[in-house]
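Both complexes below contain chain A, partnered by chain B and then by chain C.
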Partner chain A sequence: MLRDALTFQLGYNATLVTVAAVLLGIAAGVTGTFLFLRKRALVSDAIAHATLPGIGLAFIMLTLSGHDGRYLPGLLAGSALTAMSGLFAVQWLSSRTRLSEDAAIGAVLSAYFSFGIVLLTVIQTMSTGQQAGLESFLLGSTAGMLLTDAILIALGGLLVVALVFLFRRPMSLVSFDPGFASTSGVRLDRIDLTMMGLVLAVTVVGLKVVGLILVVALLIIPPVTARFWTNRVELVVLLAGAFGGIAAWLGAGLSASAPDLPTGPLIVLVSFCIFAISMAFAPRRGLLSSLVRHRRFQTGVHIRQGLLAMAQGQPIYEPLTIRLLRGRGLARADGMPTREGTVRAARALRDEKRWEIARATPELELAAARYDGRTQIEDVLTADQIAEIDRRIGPPEAVQ
Partner chain B sequence: MQAPLEDVTARDARERADQDSPLVLRGMTVAYDQKPAVFSVDATFRSGKISGIIGPNGAGKSTLLRAALGVVKPLAGRATFFGSTLARSRNRVAYVPQRASVDWDFPARVVDVVAQGLYRRLGLLGRFGREHDGMVMAALERVGMEDFASRQIGQLSGGQQQRVFLARALAQDARLYLLDEPFAGVDAATERAIIKVLKALRSEGGTVIAVHHDLSTVEEYFDEVLVMNVRKISAGPVETAFTPEALDIAYGGRLEPGMRVPQKEPA
Partner chain C sequence: MNGADFVAFSLTPLLIGSLAALACALPGNFLVLRRQALVGDAISHVVLPGIVLAFLVTGTISTWPMLLGSAAAAIVAVVLIEAIRRFGRIEPGAAMGVVFTAMFAAGVLALEQSDTSGVHLDVEHALFGNLESLIWLDATGWESLLDPAALAGLPPELFRISLVTLAVVAGLAVFWRPLAISTFDEGFAKTLGLPVRAIGLGIVIASALAAVAAFDAVGSIIVIAMFICPPAAARLMTNRLGVQVAWSAVFALIAAVLGFTLAGSGPAWFGSENAVSAAGMVGTVAGVILACAALFGPARN
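On to the complex of A and B.
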């Protein structure tokens, strides 16, 4: 069943939904990256909640003017208008008053959302007989998706991706260093507005699929997931798009193969699973890798300290140090060095002395900054440089 | 645009000097809320010199620089770059912000940050080609960081971060370099490397203006200074402007006993 869904064999509606969801997932992932790097992820939550009154108002106006109140482009246009006013409200509050941005977001988000809920309740009491379904914008509903809806979502997603590609340089410049960006001739206000405009577009386009409460997850989770895997902006953007698309594809597939399960929340849950796996297992930035690295570093430092102590004939008190040295055949149970331990200890002491000289030599100071208690000086300096240092240390001393 | 009451020859002389100057500040005033951080500062920075903006913490030195560059909006006053507006001089002006003003956990390598200096050349979609690679590497070599090109910036020490920021400015190939506290919190090797680069820029005919707070190195590093504390206190060549009297006013007698102040005969 799931395999059919994932390979688009599960019928017309399921295919429409999956294609639309995947494009939305990609668009949200790439857009969300810059939002996340600019440290303004939560602004998207205010934008999303501010769509609700627009949906209600658009429905009322469409109905009063004799049209179908559920006409999707009309509803989305309405939601975009109030979302925009919500965005400006957040910006105005945080720039013109003493409110910080998070407080402004909280105030705007709750006020707009409450107004939207009131409008939805009013609409339910209106006797037009066709009001059912507006609540579906809260959590998304893909059951009755039309081809035109899917096309609208797909085009919106493609447009967003194209614009992100076009503005990738100024957007990453502004995210990293706004001061430098502005002196390079980047108009900060315009780039920020572009960024927020893209977020707004993703939000509006995503209303039908995941709903306004969960669209934030599509914008935020894929970029933070991608960040675990790479240290380059361009790759974060690409990976975030890929993770967003994969989560949407799997989530939509799962919901199509089990029709009682909602699409939006499933997409978000799949996305979260990818996040959790990345957090645990990603190389370098993942938890497991940090743990391993930390242990390895600790081991290295202990052995080094132990060797230096042995070289200088000092006793070793730390049980862990003795255990590690014994495990490597460098020390006996009483902490005295073995034959190999004596050789290694002398070498460690020599290495330490070389580092000391390097630190005191102005030309080598930068290289010496790489000292971490484990790195051998041979890995940092050239043979010539080391020979010069050795000349200054003098002939090797006997070590017992 | 006439100033009929001013002596014509004096005005002409001043205007000629201003035309030649890479940066002229007139009446620069910046306020946060109701409190002026910089009040009515006039300054003419001379071409081909290394100038320092000197003063105690909170004197508005960085604010003055940021206001001149339009990073913060001045309440009044204007900045003239090469006799023209900043917008028309951007290709000739490079800015090195305070190292601590950005998040170094940003996903970028050293080369990526230096390549930001080429933004004006590349624009939105210009292709990053081999010659751009060469410019980035040349800039890194000037600050002695070529071995760190593909390092993640989060792994750099403070001094290395400062060198990367300087390399980004060098990649801009500007005529005027504005540096905000380039020596703050860096190791001795970096400090020497940076001052060497700044002196090289000067000998190539460039102009350097740096916000600086370490009084003991002022005479060694700078040709000219602007001593300020919200207001301008003195300006000009180090010998005439960096005096105990000026510092006494700037620091309001708060100079700590250990601080080295220039020992000079009062004029």
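On to the complex of A and C.
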């Protein structure tokens, strides 16, 4: 069943829903990247919650004018309008008053959402003789989605991806380095507005599939995930799109494979799983590689300090240091150096002394800042510089 | 509306709503000043999986397991956000977004998967709460306030939220100076030897406590609105912390009372007999108050 769902064998409608979800996932991933890099990820939460009153108002106006209140394009247009006003409210509150952006986000989010709920209860009491079903916009619902709705969502996703492709250069520049972007002639406010417009489009398009509470997850989680894998903006964008698409594909497939599996939460949870795996195992920025790096650093510092202690004839008390030195055949169980240990200890002491001189020499100060307790000075300075240092240290003294 | 009806149907929801609004707005002042305004938002989302988990474990809708479950979920969320922020080196807003959406999604999924047909537990209830249903059936009029038998029939939410509000007020009074100093000048607070990190954590914990207790009574939307709107509006009224906290309490009470009244009797003015969502109306009024403060507040810039 799951395999059928993932390979698009579950009938025309289910296939179309999955395709729409995947396009939405890709669009959200690439758009969200710019938002994340601009450190404004949670603005999307305000935008998403501000769609609710628009949905309610659109429904009321459609019904009062004698149309079907559930007409999706109409509802989405209404949601886009209030979302836009919510976005401007956030901008205005955070730029024109002393409130910080997070307070503005929270205020707009809660006030618009509250008003939306009031409208929902108004709609419930309107005697239209039909179940409005607007609650499905809270958590999304792909069950019984109309064919035209799925096409609308798919086209919306495609459009957003195309627009991101068009604006990729200025948006990358702005999210990477706003200061440089504005000095090189990019209109910051315009690009920011474009970015927010795209976020708004993704949110509106995603309402039906994942719902307004969870649509922010599609915008936030894939970019954060992608950031673990690379430092290059273009690659983060591509990866975020890919992760978003994969999560939507797996989530929609899982949801179609059994009853009682809501699409939106599943897409979000799959997305979170990809995030968790990336955070654990990504090279360089992942937890595992950080841990390995940390252990390596710790080992290096312990051995270095142990060697220095032995070179100066001081006893070693730290059991871990002795264990590490013994493991490398540099010390005996009582902490006394082996033959090889004596040689390495003398070398470590000389290195330490050279660093000390380098630190005291103004023109070598920059290089000396790279001292971290385990880097050899040969890796930082040239042979000439070291020879100069050695001249200042003087000839070796006899060991007592 | 006569006295008997008022006491039976409006007094307790009004009281509970006002207390919940106070319990959230007071710690909200510090969250807003410390740029942690969205902590309340995150907490109220993650309460859902905690409640569902408590229901799955105990099989019933009872208060204490649910309070414990939501408190546990709030702690898990705070720890996860901190871990992602620190070990993943992700900016706090995005880390928060990752955690609360994922936990909320898990809560919805668990809810859909479990058989909750026999009990009153669904996402909408968690979001909107049910302030209107917290009525005092044993009351026959104002004299019931002195009648022990009738008092025993008060909704239990009233006692819980009173207790938490009291605790929040007491905490605020006792720790006022360290709270104020560490909020405005963390460096100075450190040199005074104040436990800055513990104070920060204490604010988050107090907020979580208020959120969970208020959520139990009034639903998450009032909680989010009250954490942010009254303190933010109060921030635009004054430069002094004490005055700001007082303003926020006033705004929270106005929002709760006016919102509840408008929701109950507002529609009648337009010829409709049906009330609208009280929780939604309280949040809306709070938003309107903030909008007014942003336009006319003496310290808005």
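Following the convention adopted for this analysis, the second predicted complex is superposed on the first by the 340 of 400 C-alpha atoms of A that agree within 3 Å, B and C clash if a C-alpha of one lies under 4 Å from a C-alpha of the other, contacts with A are read in each partner's own complex, and residues count from 1 in each chain.
Operating definition for what follows: a contact is a pair of C-beta atoms (placed from the backbone, for glycine too) under 8 Å apart; a residue touches a chain by one contact, two chains touch by 3 or more.
Every value quoted in this text rests on a predicted model; they were computed, and no experiment measured them.
Colleague: Specify the outcome, clash or fit, for chain B and chain C once both structures are aligned onto chain A.
Modeller: Aligned through their shared chain, the two binders fit side by side on chain A.
Colleague: Contact-wise, after the overlay, does A:Ser141 reach chain B, chain C, both or neither (first, second, both, neither)?
Modeller: A:Ser141: touches no partner chain.
Colleague: After the fit on chain A, how big is the angle at chain A between chain B and chain C, using C-alpha centres and going to the nearest 10 degrees?
Modeller: That angle rounds to 100 degrees.
Colleague: Once chain A of both complexes is superposed, is A:Ile105 in touch with chain B (first), chain C (second), both, or neither?
Modeller: Second partner only, chain C.
Colleague: Tell me which partner touches more residues of chain A in the superposed arrangement, chain B or chain C.
Modeller: C
Colleague: Regarding the shared-chain residue A:Thr194, is it in contact with chain B (first), chain C (second), both, or neither?
Modeller: Neither partner.
Colleague: Pick one for A:Thr342: touches chain B only (first), chain C only (second), both, or neither.
Modeller: Touch partners of A:Thr342: none, neither chain B nor chain C.
Colleague: Looking at the overlay, does A:Leu93 come into contact with chain B only (first), chain C only (second), both, or neither?
Modeller: After superposition on chain A, A:Leu93 lies in contact with chain C alone.
Colleague: Have a look at where A:Pro262 lands relative to chain B and chain C in the superposition and call it first, second, both or neither.
Modeller: second
Colleague: Going by the contact rule set out at the top, does A:Asp177 touch chain B (first), chain C (second), both, or neither?
Modeller: Only chain B is touched by A:Asp177; chain C is not.
Colleague: Given the touch rule stated above, what does A:Ser290 touch, chain B (first), chain C (second), both, or neither?
Modeller: So A:Ser290 only meets chain C here.
Colleague: Going by the contact rule set out at the top, does A:Ile117 touch chain B (first), chain C (second), both, or neither?
Modeller: second
Colleague: With both complexes placed on chain A, how many Å separate the closest C-alpha atoms of chain B and chain C?
Modeller: 7
Colleague: Quick check on my understanding: which residues of chain A belong to both its chain B contact set and its chain C contact set?
Modeller: Touching chain B in the first complex and chain C in the second, residues 39, 227 of chain A appear in both lists.
Colleague: Mind listing the chain A positions that touch chain C in their complex?
Modeller: 36, 39-42, 44-45, 92-93, 96-100, 102-118, 120-122, 124-125, 135, 138-139, 213-214, 216-217, 220-221, 223-224, 227-228, 260-262, 264-266, 268-269, 271-272, 275, 279, 285, 287, 290
Colleague: For a test of understanding, state which residues of chain C touch chain A in their complex under the given definition.
Modeller: Within the complex, chain C contacts chain A at residues 32, 35-38, 40-41, 45, 84, 87-91, 93-98, 101-102, 104-106, 108-109, 112-113, 123-124, 127-128, 221, 224-225, 227-229, 231-232, 235-236, 263, 267, 272, 274-277, 279-284, 286-288, 290-291, 294, 297, 299-301.
Colleague: Mind pulling up the chain B residues that touch chain A in the complex?
Modeller: 66, 69-71, 87, 90, 93-95, 97, 101-103, 106-109, 112-113, 116, 119-120, 122-125, 144, 152, 154, 157, 159-160, 168, 187-190, 192-193
Colleague: So in the complex, the part of chain A that touches chain B is made up of which residues?
Modeller: The touching residues are 37, 39, 166-167, 169-170, 173, 175-177, 179-180, 182-186, 227, 230-233, 235-236, 362, 365-366, 369.
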